[in-house]
Amino acid sequence: MTGRIVAGLEGVAKAFGGLRAVDGVSLDIPAGEVVGIIGPNGAGKTVLINLITGFYHASDGQITIADHNVTQWTLHQIGRLGVARTFQNIRLFRRLSVLENVMVANPAFTAHPLRGLLALSPRRQGRDEAMDLLALFGLADRADQSAGELAYGDARRLEIARALATRPRLLLLDEPAAGMNDRETEALVDDIRKVKPRLEAIALIEHDMSLIRALADRVVAMNYGRIIAEGATGTVLSHPKVVEAYLGQEES
Amino acid sequence: MIANLLSTENIVFTGVNILLAWSVYLTLMTGTLSFAMAAFMGIGAYVSGILTAKFGWPLVPAALVGTLACLAGGILVGFPALRVRGLYLMLVTTGVTLVVKVAIENIEYVGGVGGMGGLRGTTPELVLASVVVIGGALWLLSRTPLQRIMDAAREDENVAASLGINIVFIRVAGFAAGAALAGYAGALYGHYIIFIAPEQFDILYSVFIALYVVLGGVNNLWGPVLGAVVITMLPEVVREFGVMSSGFRSARQLIFAGALVLLLLVRPAGILAFRRLSIRAGRGRVPVGST
Amino acid sequence: MLAEQIANGVVVGGLYALVALGFTLVFGLLDKLNFAHGEVVTLAGFVALVAVQLGASVWLAIPIVIVVTGLSGLLIELLSFRAFTSKEGHSVSALSSFALGIVILEVVRLEYGAAPLNLAIPTTIYTSGISILGAPIPWVKLATLGISVVLMIGLHVVVGHTRLGRQIRAVGEAPTSAMLLGIHVTRVIQYVFVVASALAGISGLLIAMQGGFVSSEVGFTFALKGIAIMAIGGMGDLRGAVLAGLLIGIAEGIAIHYGLGGFSDVLVWLVMIAVLLIRPEGLLGGGRREVRA
């Protein structure tokens, strides 16, 4: 279980103008773990995910994924290395169908697009695997609908299915339970548990502490771009600095 | 009337315009609206024309060399140019068309401003066969994973990239493929009209091709066909019914442009703006685990 | 003589800049290109012609042109811009306004044909004038330059120092926030189209005055230059557009002096391609998403 590091950050910083949104974060995501990342709004959690996935490039520090220094890599290079994510504000290909959204992520073709010209049969395009993935998330009977028509919860699940279709080693979930009711959140916990064996590690940004408690092996709490507490889930959630950070937010 | 509509000239021009509309469509599939099509059309016509008129090559191999020249040109222009997007790219590709035209005007070997003659060999059969073959290829493309990858790259390029898709490659490939197709259409066009001159490959031609595509719609293969056929055939239809015999050229453009402005207001994505699924879940299949 | 060609270049460059400012205003506000702008330049000459033919004096024709071209701006905004707010709206507006430009052009051509038509302008404004550093500058050029400069300063004052200017800049930066601040966004956009089109109208008059004729070709020629100059100046940067217009005008004057006039049309586009690929923020740099005075 322990030992191998899937993703490692060393003194990573990102500044926008004068604002240091992420300010010297060091963090390891070891194989086999679900790491929860918590913190009040504006703490730099999403920026952190954007840095790991290559949406932003770090102003300082080093990011290592699967033993590669990926600090200056482009989006698609990091994607091909096996890092997949979802977005806080769902970003599906709205005009593609549900099935197409999953199939487009098939690494056999994303890495070699021209090879796609030779794959004319649905089987060779990986439709069966994509349908299985949709079935896992209860979306199979919506396969031919356009993704833009999906209800909110379905759209969230489709985004996770699309991310999994890249066969990632590391999955980064940015507030997957946002906007969901308790029942949907419980179902989401089950879904994530189901897919966990397919992945080396998961990082999970979430405000919903029930989700964090149910899934995270370890929690990192952030505020003002820095890590303020780190460790076992229960310990961090009751850490005075963490409580204070959240209370401070509620007062303002 | 039908006989007139199906005159050799109409078939060739309609076919060439369909190929050109598809070249814009192919480029647009990767999210790039290019105004460089007239430039590539000109390069295709001139390169193939040199081979046939000056070296006595048969048309088809000469046209294929012209196509390859445009493919190479598309890659060469695409790499630097596709760093910019949207209107910026529209301006850069406009510049490409203007620059290529002036460049040809200054090459004495191909007659400069005066143009070059002796291009022969395009038959309606060849044009029709080209339309069928290329249309078939595009239809097959629309059912492949590559089509989905291009769709995704157009919809949200950053998300597509994070899935592992090399956006630069996809965009340059789409641009170069469109350039190659425009070059091929240019070769066919040049070898029908016999005499080519730089002024024929003007920026206005580029814009008009884009307008055909907009008229028809860009979400499937048939929109550009509809646009090209309507625009090429419309003047003939109008003439047949005896409407507006004088000032005809102006009236044609006026009607076309006016119709386009109104059409865009009603249907901004074009007349045939439905999207075809590249794949379906399949009938009767019960997916594992579904209830 | 070089000094004379440079002086000509300054005058022509001023006209390029005036046309470019119209493109720049709209781009700075909406991030969109108004391809119909050039044909408003054409329209201006023919409106003047019609007004004079109908018996209006030259001094009455000028305000008529300004009003008609200004109103054409409202029409362009309504038909080719207002409805297209989607992600593809930029391209659709560009194509729609291009088509609308063709409509304007072809209406003119249906009525007057494609050949240039002479205006009865007294020849003294071309033959007499003053001399600067030995270069003869006829009155027409002096007047053109003077009017261009006044208009540029006026625009600078309006955009930089008036309430409307502040609203224009606010809408250009963040239309949603501008709306929340109580700015009537559509109204501001309409004002900008009116101002830009009226500028095109005055440019059209000045251009017609240069040669003493009106032609349906001028709009397209000046539009091609104006768009490239807008881009060189930095898409949305008013000062950049003026500077780029003058530089290109002078460069063309020098090119003509050395017998390279044939390349002047493509020169500006080569420069534009280089600027867009190497320094897309334009000559003066800075942000490109807002209107700047």
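As written, the chain order gives the labels A, B and C, with residue 1 at the start of each chain.
Just so we're on the same page, a contact is a pair of C-beta atoms (placed from the backbone, for glycine too) under 8 Å apart; a residue touches a chain by one contact, two chains touch by 3 or more.
Owing to the predicted nature of the structure, the values given are computational and were not obtained by experimental measurement.
Under the stated contact rule, the graph of chain-to-chain touches is a line, running from one end chain to the other without closing.
Overall, the chain located most centrally, as judged by its C-alpha mean against the mean of all protein C-alpha atoms, is B.
Per-chain Cα centroids separate chain A from chain B by 41 Å.
The geometric centre of chain B is 31 Å away from that of chain C, both derived from CA atoms. Chain A and chain C have centres, each the mean of its CA atoms, that are 50 Å apart.
In chain A, no residue touches two or more other chains. Across the interface of their complex, chain C is touched by residues 33, 80-81, 83-84, 86-88, 90-92, 94-96, 98-99, 102, 203, 207, 210-211, 214, 247, 250-251, 253-254, 256-258, 260-261, 264-265, 268-269 of chain B. Residues of chain A that touch chain B in their complex: 53-55, 74-76, 78-80, 83-85, 87, 91, 93-97, 99-100, 103-107, 109-111, 113-114, 116-117, 119-120, 122, 125, 127, 131-132, 134-136, 138, 140-141, 143-144, 146, 162, 166.
Across the complex, chain B meets chain A through its residues 140-141, 143-149, 151-152, 155-156, 158-167, 169-170, 173, 275, 277-282, 285, 287-291. Residues 27, 31-33, 79-80, 83-84, 86, 88-92, 94-96, 98-100, 102-103, 106-107, 109-110, 224, 227-228, 231, 235, 262-263, 265-266, 269-270, 272-273, 276-277, 280 of chain C are the ones that touch chain B when the two sit in their complex.
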